[in-house]
């Protein structure tokens, strides 16, 4: 079910205890020289809409919040963002609308690395007031970690930024928006963890081109494969969490 | 041009002085018994995407912020919202991303009545720091006031909430989402202005069904007519404001 | 009744259901070359005190909050202000004091254009927590629109800033504070609405002298006429809203 | 000079280095059974207007901010207030308007005990950004401590709340607003300091009648004497601080 | 009892009505040329730990919050601080943890002058929500005023900043951290009260060396004497307030 | 070097470019039936003070901020905390004091799981304003992950809450504070990640006794071993990051 396509009457008839309400969140920010700024939003929305189709009666899908916490991309330009603390507040507010309307299972499905911290903290801020609701958050790549790794060729086996995975996914989903002439090896980026220490550098400092990994290894076929595995796995996991006992 | 479909390189090449950047904002909230909660988002996006097509090289269109300031609908349920003051902040933050990136002409195009106050105040908050930028905001119905009035049959000649106009527009744009069996005369709603006084009542107090005006007079044909006139007029006006001299 | 002149015991005996509590708000800000900065405060207070005299047992009048949301005048200097968002909070707090004390009918009577947005939003912020109270706001000129228009000679038939109306009112109320040698035609100001679009410019950009309309057409006699009509009309309208059924 | 009575041109000609700008602050709150809620505002305004008359060319007097930090009176009812932290912000904003306009000497003159903490903290918040301005705050009774003590008959020799001093001052300034039939000995109130410890109790806990000291010893004559001594002393002290070297 | 050394079970068994919970607060900030930045923290902790030893079963002592409101020292460098308004919030939060856990008697024991305002305001902010709890705050020198005065030799008979008293106390408590070669007469500092007026200057403006009073008169022996008298007096006073009737 | 033990003069002489400034943060919160609430603070402080001793001239150690983000323990009682968003602000403020004083390398060393999110977000909030400083954060267990794992016997090989590791460390550091009679197998706790999904449950929901892992396998000897390995590893890693090139 899609929240925005339902009338108030239809929404009123949805089970508050059993339904999993999904809030997809992403970002619109620079994605290296070859990908459109809306990459995260497009991938996340495509994934979650496919998942919704397979779980129709069990989930209610909200429209994707395209805005992300992207301050660490600002020095590259072409980035829309929100202060991190205000992004937490924004997520809290949207979830509160649902929780005050009685929904007991809320899942934030994320498609942008920079949102992980704020989305988890938003849930912690909410949990104090809604302890008997199941508040959840995941990035599609944390759910489909193994599936993604099995397809990737470069050294980095997970989803980075404008990387082999994202580029492949976009070549599959929106090939006309990918500038294939600019696909390069971007494997020189610096991780934000070093010897167990979090180094808080922005993407201008961590990458030479605003992208990571191996976009040059990307292909539409790989994108199709990734997409199909991600959708399957997210579907499976949503089925699992949708029947978790509610917390007390 | 669509912001989310452009790469950072493409965006860097856009003229900061001349381009009109458009941020469409809407709402996802109860829309009476017959319209989907996403009505405002769907209409606003359809209008603005059609306008963008006609003004391609002159505007950069952001994706629609579907979240609106909708606290006055909360008692009807089926409403996603944000505190009014936080909504102002959210609009400020998105616009700041653009203004700090050098854009000088920003237009918020609105599709939800409850956003008018916060969007104007957001611009006032920004204007102090960006006095030499042209900060603008409009609802599609304030721009196309006469065009809309000329099509409407009910007493109310402007766009209300889940009214003759919105229902017609949705019957034109997304007929499958309109529950035509529930179209009724909703002309019993109470205005928020009485003898020059603003009466701050919520939609639960002002309407008997969460809708206003004459949805029963709506038709797909009327919707097509409205849509075409709105798009033409908004296009015209955007052409006008896009060449206004920048403020000093 | 005047709140500040009553003891706690007297205030305790006032009917919470029936009494209309009035909070007058204004501004102290530059008013062109010819009017004192306190113009809005002086006019608003004079109006509301005269209204109170005629409705003695039905209203409780608070002292005038002279501070307004006047950031758009800052570049002219001689302006006291508050950030717009903090002004909303301030109005909320004062009204909350009243609402928590049991009063059910609160009217903000405004004398400064820049306060219209924030005062309406303040009421929206409050309405969520006090849905069964009648929260109201008006500018004296929105109530007495026709009465004012009938007296004005210039093209602009409503109250602007340091304009024909305000200058006349001050020549009537505090003639010694008006510098008549500097009364000029200020009809070159730019409106903030153009073709249905809100252009967020400040008063430094919209006026050449910090004033609008036709101060040169002002006269004490016109001021007396305006004042008398405004007071009568506001009195009438307050009588009407004071007996409105309370919302549920 | 009175800020609100001056035009922008007149204010522009005032010396930023030498002029002392005075912001009077007070409260509108319950004042026991016998005094009007506006007591603090009326006394403070009367004092400061008399001082201004004696120092005309040396000071610029703002209108009195009648709102105070009065949460500790709320349980008595008949009290208008603002959260303490927001009151600090409000004072900061008004002073910032002045400091950004170039004024270098700002004095908050206070007439309500509950404002002492917030007004000092407001100045501390401002001092970080305006270190070369002389930011000052005083209650009229801290300046005229000895003068007041010399007139008082009760044990308490300073200004309390609705006490011998305030009642006398009101009997002098606005006798028609004092309910003399209710003047009682209120000397049972509990101080907020005990053995060097601040006990944070509200006025409902500290007083049995919402008043302190010996209103029963009050007289109009004593009020006249107090008023004259306070005005003289405040005038003297303002002359002193007005020529203090500015900080670096 | 020491909060941090107790298990949750032990804490659960402590009487909520009778126990005095003590939150010591201090500062880490420049302390002139001769004292370590942690001076306030070290003295305050030493005092309060000695007091706790004498009142073991009657009090629960929290660890010292070393952070203080020290913005007025920033221009001297070597200072850790928090905005004043955020310091208030921080104190509120810690106290709320205790009050929500049922404790009814909370005492903030302070060791830094700059904290007096914020700690009192923090309690005022809390008192509105916890009116039946006894919220208290004191600086060790306000409690032991006479005891301290009787030992001091310089003109200033109370505790200033890096003064005769603090230097003596540190020579007693942590002699190895005092640079005795730099002890000088610092009696040139300017008070923040002049003729009853609060002059908001920072320590860079008020002192020539970041210190006050007569560090040159300090001695370890005097420190021992001061320490012993302070501890005795604070112990006595805590015994008194621990049995005060709780407010209603 | 220890910040709190140094004078302002000594601190002024420390190299801003090369010195690593360390802010240890922890928590005071319920730690199951057997450990004191100050466990995190005691362990973290012991670790970091030992590290400081080995790196004396290269680091400046601040005192430990004992307060943590512990709202998820509140339902167990015996917990001091701060709202998560305010905890972020608090960390920002302390770090800003250092960064504005010129220090270029700041490391938050954490000893409480609940602080990981907020500390990383605090650095992200700061990085926008201090891009050329190296802002770092780590938990002692993320640095010494392998060393800790090699000592642990239970299934969980990392530091949980009141677990085998923390209990052993406390039996080594402060044996008198451990209630050994209550050491139990607490391996029934629920992780906050399930199939790649973050489940936001509090500790009341995730543990049956407020503790995790195998406290029953703890021993002082294991604690000594853990402590020594942790200190060595943290020392090594701090040496590494202390010479990282500063970001641009």
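Points to keep in mind about this one:
By written order: A, B, C, D, E and F. Residues from 1 in each chain.
We take it that contacts are C-beta pairs under 8 Å (C-beta built on N, C-alpha and C of every residue); 3 or more make two chains touch, one makes a residue touch a chain.
Because the structure is a prediction, the values reported are computed rather than measured.
Under the touch definition stated at the top, chain B and chain F share these contacting partners: A.
Note: the chain lying farthest from chain B is E, by mean C-alpha position. Chain centres computed from CA atoms place F at the largest separation from chain C.
Centre-to-centre spacing of chain E and chain F amounts to 27 Å, using the average Cα coordinate of each chain. Work out the mean CA point of chain C and of chain E, and you get 48 Å between them. The distance from the centre of chain B to the centre of chain E, each centre being the mean of the chain's C-alpha atoms, comes to 56 Å. Each of the following residues of chain A touches two or more other chains: 74, 83, 89. Chain contacts in this assembly form a single closed ring in which each chain touches exactly two others. Residues of chain B touching chain A in their complex: 2-9, 11-12, 28, 30-38, 41-42, 62-63, 65-67, 74, 76-83, 86, 89-90, 93-94, 97-98, 100-101, 174, 177, 179, 182, 210. Listing the residues of chain E that touch chain D in their complex gives 69, 71-72, 74-75, 83-85, 88-89, 107, 117-121, 123-128, 131, 134-139, 142-145, 194-202, 204-205, 237, 240-241, 244, 247-248.
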